[in-house]
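Letters A, B, C and D name the chains as they come in the text, with residue numbers starting at 1 for each one.
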Amino acid sequence: MAHIPDSLLAGYRNFMNGRYASESGRYRALAREGQTPETMVIACCDSRAAPEAIFDAGPGELFVVRNVANLVPPYEPDGEFHSTSAALEFAVQSLKVKNIVVMGHGRCGGIGAALNVNAAPLSPGDFIGKWMSLIAPAAETVSGSTLMTQSERQTALERISIRYSIANLRTFPCVSILEGKGRLTLSGAWFDISSGELWVMNRATGDFERPEEKA
Amino acid sequence: MAHIPDSLLAGYRNFMNGRYASESGRYRALAREGQTPETMVIACCDSRAAPEAIFDAGPGELFVVRNVANLVPPYEPDGEFHSTSAALEFAVQSLKVKNIVVMGHGRCGGIGAALNVNAAPLSPGDFIGKWMSLIAPAAETVSGSTLMTQSERQTALERISIRYSIANLRTFPCVSILEGKGRLTLSGAWFDISSGELWVMNRATGDFERPEEKA
Amino acid sequence: MAHIPDSLLAGYRNFMNGRYASESGRYRALAREGQTPETMVIACCDSRAAPEAIFDAGPGELFVVRNVANLVPPYEPDGEFHSTSAALEFAVQSLKVKNIVVMGHGRCGGIGAALNVNAAPLSPGDFIGKWMSLIAPAAETVSGSTLMTQSERQTALERISIRYSIANLRTFPCVSILEGKGRLTLSGAWFDISSGELWVMNRATGDFERPEEKA
Amino acid sequence: MAHIPDSLLAGYRNFMNGRYASESGRYRALAREGQTPETMVIACCDSRAAPEAIFDAGPGELFVVRNVANLVPPYEPDGEFHSTSAALEFAVQSLKVKNIVVMGHGRCGGIGAALNVNAAPLSPGDFIGKWMSLIAPAAETVSGSTLMTQSERQTALERISIRYSIANLRTFPCVSILEGKGRLTLSGAWFDISSGELWVMNRATGDFERPEEKA
C-alpha cells in the first residue's frame, strides 16, 4: 500500500527520470548554496494556473505564494497569523527579491464566490466567505453592475482585485520603501486559461494588455 | 518598457510556443468545463520545491496552496482571515478533492527561522515570527536538542511540522468526517532538494520513507 | 558428530574451495609477513552489518573491533579490563593504523535497548544495561523527544552515539596526538541495512551524508 | 574531500554494485524482520581472520564479537562496563542464538604480547597489558616452557586460551543453563592463516583437529 496517491507517485517517478535526471546539478547547487529567486509571484491555488508552467520557470526561479484568488491583505501588524504577509516579509527582507508579480486568472472560483454575495457558506466556519471579504466592497459594487454580463463582472472583479492587491502591497513599509528606491518592481498579470494568453497590467493606467500585441 | 520582468515575459513566450501549443485542447476544456483536481497540495513557497515539477503535474491536476513552510493552522472559526483554511474549505467542500498532501522539503527557510528562536524579527511587523509561532512549541523543543547537529534539527522539525499540519487538518470537521468515510486521504511528503528524493510519510508510524525502496 | 555447527563447516568448505583457493598466496604472505592493515573499524556485532562485506575488504585490510552498538568508552587508565581500549591501543601503537572508522547502522538492537529506558534487564547481571549506560545521558534525552517517531529517535541516537564515540577516541592521548600530526584520520559512518546505503559523517558538521550524492 | 578513506569508499561502491545488488531482497527482509542469527562468533580483531570470510557467511548469519585475542572474561556482575559480556547477554537472552563459537587463529598479536611477559606497555594506559592479563597465569606458564619453540608456545597459548574462554562462557548462568538443556552449543576453532585450515576443538578431549581429515 502506497502512502501517497498512486498518480502522484507515478508523476514523481517521471520527475526523477526526467527533469531531475537532466537538472540534478542545478538542484544540488540550489541545495548547497540556497535559493536566490529574483521574483516572488502571488498566484491563485487554481489547478489550471501554475506560475511555473505559465512562466516556464525552472527550480530556483520563482518564490511562489498561492492562496485563493491571489489576494494580498493590507499591512496589519496586529500579532495575528498572516500567511501571505509572512511570505511577503520573507521574500522581501530575507531573500531580497527584485520583483513581485500578482497573477490572477480567468474563471477564478474565489472571485466567483465573492460575486455570489448571497451564497450560503461552504461550511460553518465560512473561511472562504471571510477570506473573500477582503475584496467585499469591490465585489458588492461589481455584482450590482447589472449592465455587464456575468462573465464581464467576473473578469472585471478579477482585474480590480489584482490592482487592489498591488495597492495593498504598497501598504507594507518594506515594499513601498524599496519600490521608491527602484530596488523592487510590482507587476500585475492575468492569465486566460482558455487561450493561454497572459495579460499584463500597464503600470501607468492599470489596464491589462497582451504583451505580444506590442511585439 | 515591459510592465512585467523580461525574464518572465521570455518564459511566458516559451510556454505559449511549448506547453500551451501542445496542450491547448486541454487548457480550453479546463476553461470550458471548470477544474476538477483530485488532489490538493499544501506546499512551501520555496522556489526549489514546486509541486507541479516534483509530481510532473499538468494543468488541472493539482490544487495548490503555498505558504511559508507549508503549514496548516488548526481549525479556528473565529471570523478572522485564514488564507490556508479558506483554500482548504474551497478544495474539500467545493472542488471535493479526494486527496490532500502536505509537502515539506529540506533546507526550508521558514523552519530555519523557527529554530533560530532568538533571532530578531525580519521587519517590525514580525510576520514570519508570528506565522512560524504556529509550531513554536516543537521548534523550542527541537532547537534545544543540542546532541543533534543543526542540519539534523532542521530535518527533524521539517518532519514534525508535516505531522503537525496533518493533525491540524483533522481538526477541520469537513476533513475528519470525509476521511472517516474513506472519501478523503491525507498524506505527508518531504522533498530532498539536493538528491531529488521524495520521502513519503508512513501513515501508520509517521516515519518518512523513500517509496522507491519498496519497489 | 561434528564439533562445530554443520552450517559453519559447510561455509568453511566454501571458503577453502573459493576465497582461499583463489587467494592462498595472499593468505600465505600475510601469515609470513604479519598484518599491516591501514584501517581500524569499530563496528557493531549485528549479523547484518559486517564491515568486510560493506567495504568489500579482503584479508589483511581491516582491523576490526565489534561490540554491541560500536561504542568507544572514554579513556580510563584505571587498570580495569577494557576490551575496546585494548584493541585501540594495539591498532594505533603496535599496528600504526592510519585510519579509524566508527561504523554504526540502522535498527541497532543495542541502541534500541538504550532508548527503552524502563526495560527490565536481560539477565540479573544486566551487562547490556550497564554497557549501553555509556550513552545514557543522550539516550534519556532522545527517548524524551516525543515529537519524533520511534524510528526517528532510533536513527538520531545511532548517529549521536557515533559522534560521541569519535569524541571519546580523542580522549586517548595517542589518538589525539597522532590526529593532530595528520598521521591518523577519524571517520564516522552509518549503514542503512535496508537500502544498503552508507552515510558518511561530515567531519566539519557532524552530519551524515551519502557520498554518492557528491559523485 | 571525502570524509572516509578513499579505499573504503571504493570498497563500499563494490559492495553496492556487487553483493548488495544481488542480495538486496535479503538485506531488506533482514531490515524489516530483524536479525535472527543462529550463531554467535567470538573472534579476534586480526585483519586476516574475519569470521564472515572463513565461514562464507552472508548477511544475518553470524552475530560477531571481535576483541583482541578473542577472549571471554569470566562472569563478573559487578556493575562495570563489560563489552564482551554485554554482547554475550544480548546474543543469548535477546537473540536466543543456538551456537557460540570461540575462534582463535595463528600468529595472534595479542597472544604474542601475553607471552612477552617483560615487554614495556604499548602506552601509559597499558590497556593491552591489562586485557591480556585475563590469561596471565597460562601465559606465564607457557612462556616458561623453554623446551618448546617460540612458535610452539604461541600455538599452545592460542589453544589454551580458547579452552579458557569456553570455560569462562560456562560461568555465565544463562549459558550453562541453556547448554545443560541442550539449547546452546559451545565450540572452539583455530584458524591457520597460512594454510587456510580450520582446526576444530574436540569437545570431549579439548584437542584441535582438522575436520576435513574426517571427511
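As a convention for this text, a residue touches a chain if its C-beta (ideal position, glycine included) is under 8 Å from a C-beta of that chain, and two chains touch if they have at least 3 such contacts.
Please read these numbers as outputs of a predicted model, since none were measured by experiment.
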List every chain that touches both chain A and chain D. none
Rounded to the nearest 5 degrees, what is the angle of the rotation that puts chain A onto chain C, matching CA atoms? 30
So the chain most remote from chain C by C-alpha centre is A
What is the distance, in whole Å, between the centres of chain B and chain D, each centre taken as the mean of its C-alpha atoms? 53
Rounded Å distance, chain A centre to chain B centre (Cα mean): 15
Residues within chain D bordering two or more other chains: 28
Sort the chain contact graph into one of these: line, ring, star, complete or other. line
Which chain pairs here would you call touching? A-B, B-C, C-D
Contact footprint of chain C on chain D as seen in their complex: 2-5, 7-9, 11-16, 18-20, 24, 27-28, 30-32, 34-35, 37-40, 45-48, 50, 52-57, 59-68, 71, 73, 75, 77, 79-91, 93-95, 98-99, 101, 106-107, 109-110, 113, 122-128, 130-132, 134, 172-174, 185, 187-189, 192-194, 196, 198, 200-203, 209, 211-212
Please give the residue numbers of chain B that touch chain C in the complex, ascending. 138, 141-142, 145, 147-152, 156, 159-160, 194-195, 205-207, 210, 213
